[in-house]
């Protein structure tokens, strides 16, 4: 048992921390960051800065141009990047690109990688992932997928509506989950500028940290050649799992950084602001919130580390990443909610960055499967495992 | 013990419910409602509609042009008005005007009432209440008041900075808390267009339901004649209490309406949306959230009713209104948070009104004294009372 | 809306308070109170004292010898009686007798009442209620009833095992739920000394406040004449509901008294015990617990009052008594848990009566349907009601 | 970062698991285990069994006859031992002996070790630790120490009252904290059979797992020769810290085993018990409790491991052991409370071992400093550290 990080990871973590503090946080109030995340122009500037210091797309393989980080290394670096909401965009580790890059590395052909992945790793392009559908389609229950793909000669024709598609606006390529005639699901790759893809609108969302916001997409006879199928026909759900377990965990990492940022701001505030004859921090009620914040931050971090270690060992870690997702999304949320409370009026206004972290964070309990779906999935596995043990 | 409402109150409640459903909710997406609440033009339209059906400023005395509602009647009517975030503006019972009207009725001279209160009750003007100050001034601890009022002939000269002043932008008159040379506090009335008052900026706030948003005001040698002192010199903190106990409670009432609205939306959604083979509502985890919502809504309502009854009996109800404020702000918040969770993606986007209720509601745990201040004040009273009993 | 109690109820409440303080609490350490509740000898002494002051069996009809209390009156009196764990035994309002008396009044024949009810109201006898069965029989789900009743001439032969039968040891008569051949359920009355009833053992229970503890009963060809059927054949589940809604609520009342007792003890302790330079009560963390206790106590009380008022109006109140049961069992439990924490070492030892209240109270979240069953039942009703409204 | 255990630790852990399952759990219902823990006769049998398989006093140094376990190894072994409440007694790692052994190894002289420690490590004797005093003495605040030690020739005369002294009844030797004339504190060693030590009574406690229960001790002119001072005069508080940080953590470990046991029992029960047409475990509400249990168990384990690793590195870990204590005592308690709820009637009776685990566990939130004291201590350190960083 050893909780220490290697000197290389420590160096990378510290470098990221310094980079975020010196180069990214000062840009947080940049006018080019809107309610739908940073503009493309701002994104390019951010990416350029990360590239200059050697931190761009660090989780991609060295082959593709990244640093080939282990999951443990990601845990250390992504938390630091997440300390600013612009950090993940800068390092090119924001959702959904981070997960798409991982999936492409695992499943795409050499040709597909050269066409779509390499420029993305270089920070030149963005992507989106089209799975979620409006009712009565696939939401928390992916088996309700309604978008269809039908073979037509050497192509597939895709029809359907997707929503909550993060980064759709401005994305260069897309990965689409669609249902086959036999009920199985397949993933398809497509440039976004192909005829048959319409960005109907951008959704008005509680969060503002995702580049491109969240869009509603319509596919009308979108024609995708068979060569642009991602992986094998019918394995869409399997690949979704391949993508999801680590993608969930990187959400935990990035948002841990955000929660720590909120805590640091609140801690600094209550150490200085006076009320009833002493600094707020010397009131036990406030002190208990600080202690609980630290407990929650550390709890989230420990679950992340443990799950990352399992993934590094080659385990699938589906159970543990579900558990970490529930723990982190709820613990990090509690931290931010307490920070709002400690900051009082400042917490509910733009006087402090915490208001924004608060609204950005809430959706985390919903994304990547709401807590309820994960708890239920965990329960079934616990019962199943117990059944095997006790017989 | 009797929990029934009089036929008159029931009629008024039902009329309000119908009015909100038919005339106000359809205006919720009106373009004139911005991030700083409804525009003056929209406000006038809303007020006009309430006036037309006889629901305008119902809590004001009949003398002044209102309906002279008891606190219990307010509990019934304000919850209904609060069902839409435009409702309180329509009925002219929004904060801070609702509390200011109450305070003016209690303390102002006949002349002051005719000048400021009567047009306000008629829905023609708006007011604001300037108490909170930026650090190191008065926040949760009002004794830290830094704005000063100094006698100058027959006038007072007021200097200081106030922030988080709800409705400042567009208000016609203001009530200002200022510190006297002897350390006591006094309330002053002033038109907003007097020289010496500057609206420095509007704050970017989490909530968007307050007409005029929240502003930062600077007073520089604001000259207020002695005749515009509200009540007596040196009784500012006492009047703040007069205003606060009922004002706190009306916040509870209005936001109870908002929480019930969120619950109704979520209940409707989970009854229809399918996942994992059945409507969401048939999943126990979701059902438990519905039950807990109902528990919280009813708990809030019971505390409101009980405290309103005490106030109607002529008791000050400071302890009970503190308690009700803690209970309601936390219970109603839990309801809305659960609704977001039940709605999933819809809860964190503008697809559903619940996202907005969520952001509007969070500040309630901070306004009118954060929960922590109330809990501490309650504790001291409990200990004090026990000390008296046990001797 | 009126939260005041009538002068008669106030007088009765105050009399009960005084009776408990002066005559019952001093007996709490009586050696005749064991782990299975007060001995029969002690019970008779307690009952004698209540009789002497005119407080015996106050909820029974005047006809039967009680005071014919309304539900609201019960709310006031039972809370006071519950202040001591011996109080309900003294007033003859302890479970299950309190509920059995109510059921007998509603359903029993004149003859049955004279035989079993009148002496019970007089405090001379005790009863038990046999519904719950060991797995795979009826637990939280009463439809799983396995005890059978088969017609045999003019009699019924009852066979089965019941457990968790409160007060079985020493009871004079029993009400038995059994399954008929057609699947319906029926209630049967029987003296406890009939052949065919065996008290197999007393269970070792967390609580020690129930007279007679909790027993396991075996029925082997217990012969019950048709004249001892309680009410009509096949209506057992219906009568169980008749009994349950008010019985649930009286649990809430009595345990509210216990929770208040624990709170008073803790409040007194923290007001005196010093730590870190001041009384514990002046530590915010402790103060917050006191405030939360008061919130929980008042919340429980308000739900009890509201539901009692509904029952007094003649409504069934099934939904509301479910809700009150969840609210009270959880709120009162939180109070007691906080009291243990405030008392520290004293809270977890017999140095303070709170330890005993703590162990007595835990089962309340399980009795009369665990919280989970009530929440689920509430959810179904909410969804059902919403479905009707929205069509 | 590496969460794997060495093969040696895994072997020891598995051996302990098997030992507990096969040799200790079958003794749990032994009549010699009373409300004050296992009798001396039973203790000797338990210890004998552990000795026979080479698991006795494994945390003691090899020099003294133990296995010299690291803190990480203790985490693995103690959790397994804790799976049965007799396990810690069997392995001789129960409180307070476990912590006393640790303290003696750190501080005692060679002579003292030979006299008191060696037979204790061999399982032949027991000890107690006398720090806590009744009001107004040292409770949560150790600085309020009232027991005095006054020099008298070559001896010290000790006077005072201690309570909540775990294991006092039947202990062979005692470590006493006493206040010196200069206000500092010193630890003294004494055989328990010396004149001047009186066990006034055993306390009636919520827990029943501690050998010897909890006693009240009176020292009247207890004469202790200077050679029996433990460590140096005036360093009592320092040594208390030396003892406390690891002692706190071993509590976390042992009770993690108890919580896991409760969870396993509940999981097994809900997998089999039917209600409403399916096994309890297939009800989402129950499933969520299972998932939350697993989350809490794993969270506790991760904090234990992390803190143990720090201690193994030679760090003091005071902050982290405080944090782990809060996390574990609360998480493990939640687990057990949920298990009671899942077990329903069985959870609140001796039908299942969980009732006993429930009562044993509650005090953990009070022992070794209640959660509130730890949270406050954490807060001060967080504020202090932030102050240093931000300057």
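As written, the chains take the letters A, B, C and D, and residue 1 is the first residue of each chain.
Just so it is clear, a residue touches a chain if its C-beta (ideal position, glycine included) is under 8 Å from a C-beta of that chain, and two chains touch if they have at least 3 such contacts.
This is a predicted model, so every value here is computed, not measured.
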With centres defined as the mean of Cα atoms, the chain at greatest distance from chain C is chain A
Write down the chain pair with more C-beta contact pairs when C-D is set against A-C. C-D
Distance between the centres, which are taken as Cα means, of chain C and chain B, whole angstrom: 42
Could you give the separation in Å between the centres of chain C and chain D, each centre being the mean of its C-alpha atoms? 38
Taking each chain's centre as its mean C-alpha position, how far apart are chain A and chain C in Å? 52
Enumerate the residues of chain C that touch no fewer than two other chains. 283-286, 288, 372, 375-376
Name the shape of the chain contact graph, picking from line, ring, star, complete and other. complete
Parts of chain D lying in touch with chain B, wherever the complex brings them together: 283-285, 288
Considering only the defined contacts, which chain D positions touch chain C in the complex? 132, 135-136, 139-141, 143-144, 163-164, 203-207, 214, 272-276, 283, 285-286, 340-341, 344-345, 347-351, 355, 358-359, 362-363, 365-366, 370-372, 375-376
Of all residues in chain B, which touch chain C in the complex? 1-5, 72, 264, 267-268, 270-271, 281-282, 284, 286-288, 290-292, 294-295, 298-299, 302-303, 305-306, 308-310, 323, 326-327, 372, 374-376, 378-380, 382-383, 386-387, 390
